[in-house]
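Chain lettering (A, B, C and D) follows the sequence in which the chains are written, and residue indices restart at 1 in each chain.
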Amino acid sequence: MGEQESGLNKLLLSPDANDIREWLHKNKSMVLKDKVMSESEAIRTFIREGCYIATELYGSVRAPMSLCREVVRQGFKDLSLAGQGVMETEHLISGKCVKRIELTYQGWEVYGISNILRRAAESGEVTISEWSNASLAWRLKAAAMGIPFIPTRSMLGTDTFKYSGAKTIECPFTGQKLVALPASPVDVGIIHVHRADLYGNCQIDGITGFAWELARASKRLIISCEEIIPTDEIRKYPDRTIIPWFLVDAVVHAPFGSYPGEMCYYYERDKQHIKDYIDQTETEEGAQAYLQKWVTGPKSHAEFLELVGAEKMDELRKAVLGR
Amino acid sequence: MEYKSNELLICIASRQMEDGTSAFIGTGIPMLAAALAKRMHAPNLIPLFEFGGVGGTLEVLPLGVGDSKTFYKAWAALVICDLMETAQRGMVDYGFLGGAQIDMYGNLNSTVIGPQPKPKVRLPGSGGANDIGSSCWKTIAVMQHTARRFMPKVDFVTTAGYLTGPGAREAAGLAPNSGPYRVVSNLALMGYDEETKRMKLLATNPGVTVQQVVENTGFELIIPDKVGINEPPSDKELTLLRNEIDPGRLYI
Amino acid sequence: MEYKSNELLICIASRQMEDGTSAFIGTGIPMLAAALAKRMHAPNLIPLFEFGGVGGTLEVLPLGVGDSKTFYKAWAALVICDLMETAQRGMVDYGFLGGAQIDMYGNLNSTVIGPQPKPKVRLPGSGGANDIGSSCWKTIAVMQHTARRFMPKVDFVTTAGYLTGPGAREAAGLAPNSGPYRVVSNLALMGYDEETKRMKLLATNPGVTVQQVVENTGFELIIPDKVGINEPPSDKELTLLRNEIDPGRLYI
Amino acid sequence: MGEQESGLNKLLLSPDANDIREWLHKNKSMVLKDKVMSESEAIRTFIREGCYIATELYGSVRAPMSLCREVVRQGFKDLSLAGQGVMETEHLISGKCVKRIELTYQGWEVYGISNILRRAAESGEVTISEWSNASLAWRLKAAAMGIPFIPTRSMLGTDTFKYSGAKTIECPFTGQKLVALPASPVDVGIIHVHRADLYGNCQIDGITGFAWELARASKRLIISCEEIIPTDEIRKYPDRTIIPWFLVDAVVHAPFGSYPGEMCYYYERDKQHIKDYIDQTETEEGAQAYLQKWVTGPKSHAEFLELVGAEKMDELRKAVLGR
């Protein structure tokens, strides 16, 4: 066997499958119960200082914005973050909630880099380990599968590997060198979906990103949804359930929960709002002013939506692409 | 017709796309280039978006790789793992990449300027770039061409090019016969020398001299005896870009 | 009410199921037992079928673990990998198993009688049994009780019980605190001694003596001072079984 | 590192990810073309003697019966088989098409053991390596992911492991002992679906078994479907596509293609036919008589359906459970 290489960074949570087994066995159950609660209750009940949290999807698309705003509102100071996000995770950084990031990408794609990440990383306010999009998703997949690692070709030969927490291994069948990606269980996963019933059975339209993986890798899972639908509707189309109830700890009804991002078939993104936000976050003062007006100002998602206004929501609903 | 620098970049990137192949498309220039290629010479180009969109029409431009326009009228709306695994299995021909720095072996940096733990400039990070660079057969980088970006040693290898030269990808465990293929810049089109795996000039952009390219490259670029000259954007290309592909001028 | 041997088996298996837990259900007796338990003491029992059905009502009896009745009015119709991974993650409480042979450590054989390469009797093979026995917290075996089936050493360990005794599962790499829990046979109900991990008698079936159980067991069964007696099927259980659960008498 | 253990049996196809990459790159393409053909043409074009083939689903549910009958009709003699099946794979064994099986389960669940497998295994006519349901599915998943192996807890400590072709490894992060399951690419995968377009984009209702994994692990993939639907319908619901066209080599229109098995929401299984079949296969003569009447007798799926009769099909369509 060749020399085993190790990434420099420590893992935030152990990939040990036995520990997770015991935890899940003790703390989760398949009993069906009403899990509907507000953003405030969900975040207060399931997030603790020191938690490792992760959000899904990415790029102002089906992002759990109402839940992320609530995390900022509750003033957490010491969270760790799986860093595949844009505005949702920027809020957490800007709100000084985050100390450590397992990062793959934090930027604005066509709109450029993240000034909020720049300030936090360059000042040393957050420490960062490096991963790729696929390797982060595969790490969640390993946790979802109940195994401590998954082999891959990604990150081989690069500094991305060096600043990760992965290791190299030799394939027992072919002798090929591979990267062993450690399973990434997360303390709290946060996912926004199109529809859920009161137990937490979820349906998503369009691409499902890494919702499947994150839901199954999460010790606690908070769902927000555009609509709460009758459980009979779920049972009529069991093949539409991507996240079954027993993974879910809280169901939050959050219409326009992805605003200013988009929700496919439901509403378009608010391009102007996003553009203004990005301009504003060029300075720290601007970023804090945005937070005050849009995040900590409103005391709930309902108040936030009042600030957005019914007219704007109507406009975005009408602008959406059909099937 | 007059054209802007990014219109030229889009057209030249577009011409690298082969009909009947598949390509991972990132936001911005590659998206427009793919939309243009599909309307010009490559109607059977299959655009893949890493979060799951497969074969969308690009009738409406997406604003990101997870955007609903990436799967509008697509044949499949899948998931990130599936698409990345499809590439890892060897079913994706091309991948488009960007970055702040590139070296002569095509290694790309989109992570940090300066040391990673305390960077001078924090960049977005790998995103899907490392995966695409590891698994697609051929990658095409789209870059601004300056000597500070085309440099001898990138501050951080986010995405593997040919690493330290011939055989290095394979030694690192990456698949044989994969790696960097083209670099499209505002000054020129580059490829790689088969033997040394070093970047070489293929063609200069209209109005750009070989000397200018050399001056704006911080490492020794291979200059073959014959260097081509890229055609400027045609009227047809420009009309499609401006009237059909990006009428709202989101990108151009 | 009079009852048949398999009705008794179903009732006793059913009584092992705990409300509010989840259990992998195989075809046949476990299916009827689960349907009965849901109507008796365990309305919140969640039946899982390894090919993807989760929480179906069992209003109509399935004929196999991939049958459409396994997800009729279910909360989710998933896939085999997902269900097996859910178990591997530690989220499935119980699994039901069958087999041709069992030993005192609960190791099960459903693969071959005689040597594997040239068997005397070829049995179906593991199916999901090995996975369920490896990953569920507790497994319940349902068996015909004869000395040739309850034997000192099974011809082939298809599914891990406690292997060679205390600590052996963990040494093999299996998860701590998992393993065989109950054996339901036509003669008796067995459990396992916590310390030695060996099978022990818990209760005899109506009309069966301890001596009969011992005679029909090919290894030394632990006989505690107090052995219970299983209640015969109640009228309510029998009525439910015959009129609601299996009115077409597919299984009983 | 503890001592590495190896299963006794040789793998039928190499799990080497590089070999598969090269093969797929050379032989498959994303070009959209009409792939509709008959059972006869599909089997003749893509199956060769010596091939390793696999079918999906299992237990007379969404099984590609029309294609399996055609394999028998064409008289193959030296195939290898991934053995997770019931009647579909029994036909291949009974038709003497199969020499080697990577077996997980071959039996009739409630109806008991497979007499056809018994005769073939006990006589030494086929050689068998042992796997479990999940390990076989995970092996396909590893091939689908483009990696040479996947770690798991299944098979540890058992003779199932001993007679498999897996190996044990030590987790580089936790030191835990695990089974490394070698990726299982297959030469030809055969899957029956509810609906496909002419390019091979597929939709499945209900549980999807291991269709996802097998489709992606197959070097050649033959699809049969109940209905061929317009490609516009596929493009309207891209989130329903479980198998995208570029995996598919042939699309066979096979209404009642799973008969006598069931197809959820389309038709019920023919219980009586199956019961009679099982009784008949108690003897080798009976099994051969069945094959002659139902498999090699009819020259095509159309002729087979004539033998079944419109009345029976109507009855099974009416008997199906709704949503």
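We adopt the following convention: contacts are C-beta pairs under 8 Å (C-beta built on N, C-alpha and C of every residue); 3 or more make two chains touch, one makes a residue touch a chain.
From a predicted model like this one, the values you see are computed outputs, not experimental measurements.
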Whole-Å gap separating chain A and chain C, where each centre is the average of the chain's CA atoms: 40
Inter-chain centre distance, chain A versus chain D - centres from mean C-alpha coordinates, in Å: 36
Distance between the centres, which are taken as Cα means, of chain D and chain C, whole angstrom: 28
Touching two or more other chains - residues of chain C: 53, 71, 77-78, 81, 88, 135, 175
Chain D, residues touching no fewer than two other chains: 17-18, 146-147, 152-153, 176, 178, 206-208, 236, 238-239
Pairwise touch network: line, ring, star, complete, or other: other
Inter-chain touch pairs (all): A-B, A-C, A-D, B-D, C-D
Chain C residues within the chain D interface of the complex: 26-28, 50-53, 60, 63-72, 77-81, 84, 88, 107, 111-112, 116-131, 134-135, 156-160, 163, 168-169, 172-175, 250-251
Partner chain D, residues of chain A touching it in the complex: 4, 11, 14-18, 145-153, 167, 169, 171-174, 176, 178, 180, 182, 205-208, 236-239, 323
Chain D-touching residues of chain B, taken from the complex the two chains share: 20-22, 44, 46, 53-55, 71, 73-78, 81-82, 85-91, 93, 135, 137, 175-177
In the complex, chain D residues that touch chain C: 57-62, 83, 103-107, 109-110, 113-114, 117-118, 120-122, 124, 127-128, 130-135, 137-138, 141, 152-160, 163, 168, 176-179, 206-213, 262, 264-265, 269, 271, 320-321
Residue ranges of chain D in contact with chain B within the complex: 17-18, 20-22, 24-25, 28-32, 143-147, 199, 201, 216, 231, 234-236, 238-239, 241, 244-246
